[in-house]
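Taking it in order: structure first as structure tokens, then the write-up.
As written, the chains take the letters A, B, C and D, and residue 1 is the first residue of each chain.
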Amino acid sequence: MSDLLIIGAGPAGLSAAIAAAEKGLSVTVIDEFPKAGGRLLGQLHQEPNGEWWNGIQKGEQLSQRARQLGVTIQCEVSVYDISQSKNGWDVYTTKGEYKAEKLLLATGATESPIPVKGWTLPGVMTIGAAQIMGNVHRVKPGNSCIIIGANVLSMAIANELKLCGVNVKEIIIPKADITSNEAGNPEQVLSSLMRLTHLAPTPILRQLGKIGKLVHPKIAIKLFPRKGIRMFDIPLRLKNAALEIVGDRFATGVRTANIKANGEIDHTSEKVVDADFVCIAGGLTPLSELASIIGCSFKYIPELGGHVPVHNEQMQTNIPGLYVAGNITGIESAKVAMAQGRVAGLAIAADIMNDWEQMETSINKAIENVNITRDKALIQFHPGISDARKKFYQKSEVDLTQISKIKKREA
Amino acid sequence: MNSFDVVVIGAGIIGCSVAYHLSKAGYTVALVDKGDVASGTSSRCDAVALICDKKPGIDTEMGFTSIQLYKKLAKELSFDFEFSSRGSLYVCETDQELEIANYYVNEQAAAGYDMKMVDGKELLDIEPYLARDLAGGIWTEVDSTMNPYLVCFAFVEEAKKYGLKLYSNHEVKAIKKRPDGSVEAVVTDKAMIHTKKVVNCAGVWAGKIGQMVGIDIPIKPRKGMVLVSEKTKPVVSQKVHEFGYMLSKFEDINYSRNVSKVVEENNIAFTIEPTEAGNFLLGGHRSFKGYDITSENRVMRGIAERALRFLPVLKDIACIRSYAGIRPWVVDHLPIVSDVEEVPGFYIASGHEGDGISMAPITGRMMTQLISNHETDFNIDRLKFSRYKQSSQII
Amino acid sequence: MAVISDDDKIICRCEEVSLGTIKDIVHHFHCSSREVKLRTRAGMGYCGGRICRTIIEKVVQDINNEKVSNESQLSYRPPIRPVTFGQLGGSGNDDES
Amino acid sequence: MTMRVEYHPVLGNLENQRRITIYFDDQAYQAYEGDTIASAMMAEGVKTLRYHEVSGKGRGVYCNIGHCFECRVRVNEENIVRACLTPVSEGMRIHSLS
């Protein structure tokens, strides 16, 4: 029995573990991936000051620090069920049962699918799958690739694949249909790229950001060259749609066609672009199935990437003793996740020691740090995150006093 | 103005069958449900029509007739509901159970039902993956399987051809009565539907509908959890269940199994059945938990534990999902298929507990006979609602 | 040139349910995503619907002209990762203390 | 041909990897210690890890983090595991599902 069990050894989970362990809590972190680090593991990009953000190193630093503080980190453990008991939580895993007084869900995100014809063929994978294959396992899924889906994540990973020696032939968008959302609409794709912060991780995105302040997306997409623009020497083609992934036993290429000005497909321009593998980049959405089986309330917030469990700024959900941090609360960068993890760790410590007053200052400072980190973030997955968060927390049905009341009644 | 000969409340398998049979008989029918078709118990249950789990007597008789009706419906209805007659196998863990089973089979056989005893060796010929130390069992060929929610869809599709009007996502809020106390209209959150006859097929929610006309229907929700396996090799080829299932269903049989606390406390008995899609459904479990349909971890583990006892091959097979349903339980384990003297025009077809799937066709048929003032296929005096009034007077 | 139809593309990878099948069901029955699941088996496979559920809900919402609600219609049910019956029902069930 | 990223301009070079032998559908393959089944097979150019149980169509790694279960394989006769989450070990015998 630990004071705190954390599900997910990513940036949020590990940071929470560190913060809680520093306050003297016994903490266990579990994760189903063989290595600790979560989504940090795949990340590799250059900061504006020229330094590389090496996620593997960051992950190692975090897990080392956690272990130094006595945190138990166990990998290859899959949680399949959770139930609440008198003394806290029973967590059922493929490696047996874990018990803890408080529970933190830091399960991160999952990639949204874009179903493209042929996407079940071997050799078709999510962009995140290719990222982990290349950066973590140091294996190329193939020598050449096409990426379907143009967003901040796919553009960052396209460059990482290039660094692994993959010939990324082009980034294109899926053919618009009922399943593709905005991902298939050239104007909306460009518009969301243009709304990215001026601190975007690549010069071309920063450029688009600047253009975005001057030109309406409607006009910008008209001016956008059919051949695409080059980013790290990779063509970003927004007037070109993926119709179908072709291949017999595995993917060998993508049938593409031009998109006409009215949005229709110009079938006379169809051609097959060869590639060894194909990546689908549908963006990220919070992975909240555990919160769902526990019975959390949810809110649909598009800016945060979809359905998020209702929680307050102290990272408490509407279920007493259950906390959330990181991408499960909305899609943001690893740095924000780390800052949120710290808040959760401190709040849980305050909860266990039943001493909110004494820890109030440090918790508030940690919350402030989340906001500062968010505002400085290089990658903002959705424009309007800050505002959406503020609104969400103002209206949050979870408030501290309410939870302490519940606690008292139980006692 | 919305006006129908009959309004059927509840689009579960009983309501769908009643609506179908009434529509086919020429009545104008409205089928009303607070959700979609089959959005309650009928999509959270197992998928069999059995006679071998029933007590000898009217229970078994109606069950048998209902299966014969299913066979006809499978041919008649244009919508495939995955019907097949696979048979079923009861397994007895001990000689003592085998003895009780033997007594039971003799009684059923005397009534003319085709059930036979098999010994431990024959069990393995029929289902080779069963544990090798079982005492024996009962084999029934008549027992059948189907997909319960597809049955609902099939009834509704067919009934629409006869003019059925479906009011899904209409929650019944009130039932209006005339000054003489007879039914006048059903009021939902979205519409007022005029009618002289209402059939309450709301299953576990039948009591709430009953309250709207001032009667007390003693139906309680009884929860049952089911585990779903991955698609895998044919670990069984038919419904297989432990004889202890009977013992968990009927509280009045005095026999206690040598089982773990988890199995005992949660009233768990091994059942497994194949589905058309190649998965297996595992149960069974019964408990009174109000309207709660969450999946309970203890029950999941208990079901798995009991299943491994009888079918060790399951050890390396994955459970991919679980669900729980609530079944309309009545104290005497016989459904209510009845008119209601106090409220002219108000009928009840509910309280089938775990037999709703089995009994749907015969219930729909007899409710139609009742409403048409025809003689019912069976003497349904024992299914009358008034039996509860009498018993409470006795108490 | 023959225009490729998208209707035969797969939405539910586990049960291999196509977009066309799902669209037809929603058009015909104007039903919820839960009913789509029951009628087509989309989302009922090995992965627990984790990959396709958002797409199914989107198709249903688009055709029925509904807004995205705060609570999903397709509930999650344990086990949220497949677990063998051996792991579920193995020793340690009577560990009540 | 190996698909290993031996050289990397930022992450550095792969050095002194311990090689082990694993078997996929009874054929021997070289893997590195620390590989998952999925990365080991992808390094060897094997993309198809499983055949759909109904249609028989090939499937491979899709999400690589354990969510989609497309890469599930059978290991050592019994256990079905996700190739993307399961580290290889010397002499491991892996079988595709169909």
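Throughout what follows, contacts are C-beta pairs under 8 Å (C-beta built on N, C-alpha and C of every residue); 3 or more make two chains touch, one makes a residue touch a chain.
If you're wondering where the values come from, they're calculated on a predicted model, not measured in any experiment.
Undergrad: Show me the overlap between the contact partners of chain A and those of chain D.
TA: B, C
Undergrad: Measuring from the mean of all protein Cα atoms shown, which chain centre lies nearest?
TA: Smallest offset from the overall C-alpha mean is found for C.
Undergrad: Would you say B-C or B-D is joined by more C-beta pairs in contact?
TA: Looking at contacts between chains, B-C has the larger number.
Undergrad: State, to the nearest whole Å, the distance from the C-alpha centre of chain B to the C-alpha centre of chain D.
TA: Those two chain centres are 47 Å apart.
Undergrad: In whole angstrom, how far does the Cα centroid of chain A sit from the Cα centroid of chain C?
TA: Distance between chain centres, rounded to whole Å: 22 Å.
Undergrad: Averaging over Cα atoms per chain, report the distance between chain C and chain D in Å.
TA: 28
Undergrad: Send over the residues of chain C in touch with two or more other chains.
TA: In chain C, 13, 16, 46, 48, 50-51, 77-79, 81-84 touch at least two other chains.
Undergrad: Which parts of chain A, given as residue numbers and ranges, touch two or more other chains?
TA: 32, 78, 81, 92, 110, 120, 293
Undergrad: Residues of chain B touching 2+ other chains?
TA: Each of 231, 295, 297, 300, 316, 318 in chain B touches at least two other chains.
Undergrad: For this assembly, give the contact graph shape among line, ring, star, complete and other.
TA: Its topology is that of a complete graph.
Undergrad: Enumerate the contact residues on chain A facing chain D in the complex.
TA: 32-34, 44, 52, 54, 56, 76, 78, 110-111, 120-126, 128-130, 132-135, 137-143, 163-165, 249-250, 287
Undergrad: Tell me, which parts of chain C touch chain A in their complex?
TA: 1, 3-4, 6, 8-11, 13, 16, 19, 23, 48, 50-52, 54-55, 58-59, 62-63, 68-72, 75-83, 87, 92
Undergrad: Flag every residue of chain B that touches chain A in the complex, lowest number first.
TA: 294-297, 300
Undergrad: If you look only at chain D, which of its residues touch chain B in the complex?
TA: Within the complex, chain D touches chain B at residues 53-54, 78-80.
Undergrad: Under the touch definition given earlier, write down the residues of chain D that touch chain C in their complex.
TA: Spelled out, the residues of chain D in touch with chain C are 52, 54-55, 57, 59, 62-63, 66-70, 72, 79-80.
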